[in-house]
């Protein structure tokens, strides 16, 4: 939709080939941030939303159900100051990260191994599909019986969710590697080792990263659900505990914390995948 | 990777254009099912897995933790016969379906409205992202405070999860509609109405279906988690209740039910999206 | 500057004075706060004529078509259609862009029928017309297929059918065959000439392939010399309306025309100022 | 059947007896339980020669390249490279396929370096060679870019550099420019001729564009007449090794060759049996 | 999880550290909270490290078995079910009778033609047609409620609508909004409704409304078979500490209540605490025992309701020596 702006300089219009279109350009994201109109509008939207919440609370809606900004944010701030927020958030992140590591690593290895064979893939497909689609959170009660309600439970839950996502993507990703790519490397003189490490794995990596973009939020969901079902720490526990003690300020403050987490995780994931898949996202030419 | 097999008939090699390559061909999926080698191998895999589970249970692993097939399947079967399975499964499905309908419908409408404006999109983006990535399951305790623990809770949970998925996809999908497509329809004589209903919405529909492929399993996850946290019916309740009374036969039977559900849902979604996106998946030519 | 080959045109259209369908007078156009892309452009397209715009990438060929389609306004000067300034989207043209603008969720027949349906033509009439055009462009067997099921060439033909079916006064074509391989392009050149000839369609055709321009057009305008660019050269191609694009390149005189076009194109790449230095 | 134009070849290679790099003797090939795609094929590629395989889609052109690359085995007959039967993947060839086989996660320089790195060439040597080839193909500014950042034409040039850098005895090219537009194709034809000429590279080139074949090759083999198909006609193109592909089409005699190739190609589309009827 | 065989460690004061898993403080678990708040554990050479999670009895047992705790406070019904499934748990103290109450939405209570001070039979029969929230099926509370209404001629499946709630989050709001008509929960939960006037106390078990339940021990402290066998002296000290707390409550309920309100129940409104403590203080079994009679009462009342074979549980295996009260 947007028109390429690369052919406007006079000295470039004389060139036949598309070469000038590909000279590296300063990237937009590198530009120094400065407030723009839409940032101001965003601020307004927030203020209006909070104001109407504050005003309707206790009048239109029962205070107990929705609390009010003037109570939620002081609560939130008190957690920030006391370090309580950091304690719970870091617990959630630590468990999600460990689960991601364990589940992702295992998923990658198993996916690579099983993905080598067309035939194995066909045999395994229905089992993979069933486990992939099944609500893995339903395994939490089982996991509780197995490993109790400590950190192991949360890590295991996140790992189980991540494993299937990463495995599924690696498995089908590695089978999607272009035969042409493999053949071309073999003809160039590549060994089986070259093919695996220079073609197969890097190819599958796109899929793995695609999986990670799904897996990171899912890992956090898994940990949060586990924290709500059993446990004594983490942001999920914070929500459940405050809701469980009818403390709507605390409930909303905890949900607000999760909102921020969601936002930060998304931005982080964009950053990580953009860096890792530089070669993929950087198509400046159409 | 697979080579097109359409140019092998002698009377076709004389045609210049690619026309013969596009004659509708009998589709593979329509072929009558007959057992193949890999079906047999799948059976073997199942048998071996079940046998080793049965043999290790009570010896290598505590019976209380893993139960054993010879107890899980009779339990499962007794639920089938008694109608208990149908009762719980249909409750889960009904709630997931209602949540899907409510959340999906709302997501579609709001997405279409907000998606019309580039500027609105920029303003809303951080809010959408935060809510999209946030673990929506954490809202369940809040929802319990709001609507109690009945069917409303489960529908609301599913709807909240589905809403953001469908909204996000519709919102960004509708903005992705090719300006060229719109221009071409306008030049042909299309009105604003034509553009919305003949270009915008059908374009966004691909995205909506992509969202649905994610949303349906997620809706079920939402209902199942809500059933585990509070409630007296549904497959999630079945798992939680049996795990809660240390009945590992029942826990595994309920998980088995969810596995089957996962598999069926995946197959169903494939069927539905394949039918709806016939025009998209049918590219028989490379 | 008008270079015309010595041979006389054999088709009657080329000599008789004819109605002007599309015309620009002293037109200048540009984007945002950047300088003009085109300036002082005067060009005419007569009824029944096949005019090709030839020029290097970025010289403003597509911009001219967008002006004709009413999707863009000039900065200065007049852009006239049938003698009247274009004020909104110009629904009297058919526009075949380089990208595929078939609606992927509609079958070929439904795509081709779309302009007529939006013009509220009676159902039965639509069916007749669609069949006629599909048959004419050898697409009758593909009527029920979706765009994704077609080859590149068939897609182009379906687009051609859709652009022509409502009998637009002017058919705009923006590098319509650039993405196709040589063989298929050849086939479509023949189809296009045949279709244009039998309907007496007026065409404004953009390309940067000089052979394509020479093979298809009655008149070739070379755009360039910018920024801001303009009509750098004009050629009348003398082979008549019933020519066969497949054999034309082997006819006498064709190589000459190609060479002249090549030279004009090379000159058009150099900005005007430099040329004058 | 060997149709040779009357003009004498001007390059010395065309007349001297030369070493045979690639050769098939009574070769037949097919897939699965289906009948032969090609049968009784005898062809030779001499050192330093540029041979084009021309033929309709599906006639088996790519299949011949796959045989040469050792990615496929014949059903019958011999497929010889340097006089010896090919038994495994043939790493003495460079293979440039129609699809883009640049590794998308490696920069242009890293892609071009790949064959040398896999051959354990010393790092410094690799760097020198890569610079040399990139400069030669006008890619020096793109060294650090990823394939997705390149234009189609640059990608083709990078592939060409990667296929040639390890100095393969035979360069296989399978419709390497089919997806490009005419202008870029022209540019690459010039680049290719220049590269081939300066390195004395032996090339086996597949195309279904007869002008491309005539413009580039010393010898054109028309494949077809199947199934099973074979070498239906052979042409020697007389314009010598230092020709300029851009102006060649306007030279005397070129149109004649094109016309003959066209006729041979048309005949090659008809199965042998029918021809005999 | 951490290995159960790691013996409990001595801390720098020479006290033996033991890990105790507890639910959020309710009056069911008041005794153990009192032990910790008043440092009664130190009197017995123990340093109790409590973990107060939102987890229900089932999760407490899971955590205990996974080695996260040495002791856990759980409902008797859940413990019995687990033992019947082979979980190998041992009761080391009976810490509470059934310290539950039924609280009805105030408007609902007013609308009934029975008053809160009418005979208990009338009050139970008046529950017909109401929606009552309680813990999940087969938990102690759920079993007790079902048994209670059944004894008075009501069918728990048909005559009233029992809705299970896994965590207690919705109770106060639910009663206030009329989402359900009432609840049957541990004392201290719906007492918030009583305090703000949105609820009416309908039946209180610790107050002794239902005589039949007086011999019932509803909550207890359990440990694993292995721990009990390997650490008999710790189990004895643990039991003794709880017994001291019980004696404190019995001898000076006011002081005990004050201590509890200042520590474990600091968040609880003073009125709510007062109502709750008034009911709860008499609900703690003498000597924190779990006698054979207690167990037989349990079996008699709930044996049939369980789908487990509770009869197969051997009392001596199920209850640790100090809690039997037989020496």
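As written, the chains take the letters A, B, C, D and E, and residue 1 is the first residue of each chain.
Note that a residue touches a chain if its C-beta (ideal position, glycine included) is under 8 Å from a C-beta of that chain, and two chains touch if they have at least 3 such contacts.
Only a predicted model underlies this, so the values are computations on that prediction, with no experimental measurement involved.
Comparing the chain pairs A-D and A-E, the larger number of C-beta pairs in contact belongs to A-D.
Chain centre most remote from that of subunit C: E (centre = mean of CA atoms).
For this pair, subunit B with subunit C, the centres built from the Cα atoms lie 46 Å apart. In this assembly, the C-alpha centroid of subunit C lies 35 Å from the C-alpha centroid of subunit D. Subunit A has residues 16, 18, 64-65, 144-146, 178, 180, 229, 240, 243-244, 246 in contact with two or more other chains. Shared interface positions of subunit D, i.e. residues touching 2 or more other chains, are given as 183. Shown for subunit E are the residues in touch with two or more other chains, namely 58, 167, 169, 173, 177. Interface residues of subunit C facing subunit D in the complex, by the touch rule stated above, are 57, 175, 178-179, 181-183, 208-209, 211-212, 249-250, 255, 258-259. Remark: subunit B residues 16-19, 21-24, 178, 180-181, 183-191, 194, 198-199, 202, 205, 278-285 touch subunit C in the complex. Considering their complex, residues 1, 38, 41-42, 45, 64-65, 119, 122-123, 126-127, 129-142, 144-146, 178-180, 217, 220-221, 224-225, 228-229, 235-236, 239-240, 242-244, 246, 248, 251-252, 254-255, 258-263, 265-267 of subunit A touch subunit B. Here subunit D touches subunit A in the complex through residues 69-71, 89-91, 93-95, 97, 99, 101, 103-107, 114-115, 118-119, 138, 141-142, 144-154, 162, 166, 183-184, 187, going by the rule given at the top. Of all residues in subunit B, only 62-64, 141, 144-145, 147-150, 228-232, 240-241, 243-248 touch subunit E in the complex they form.
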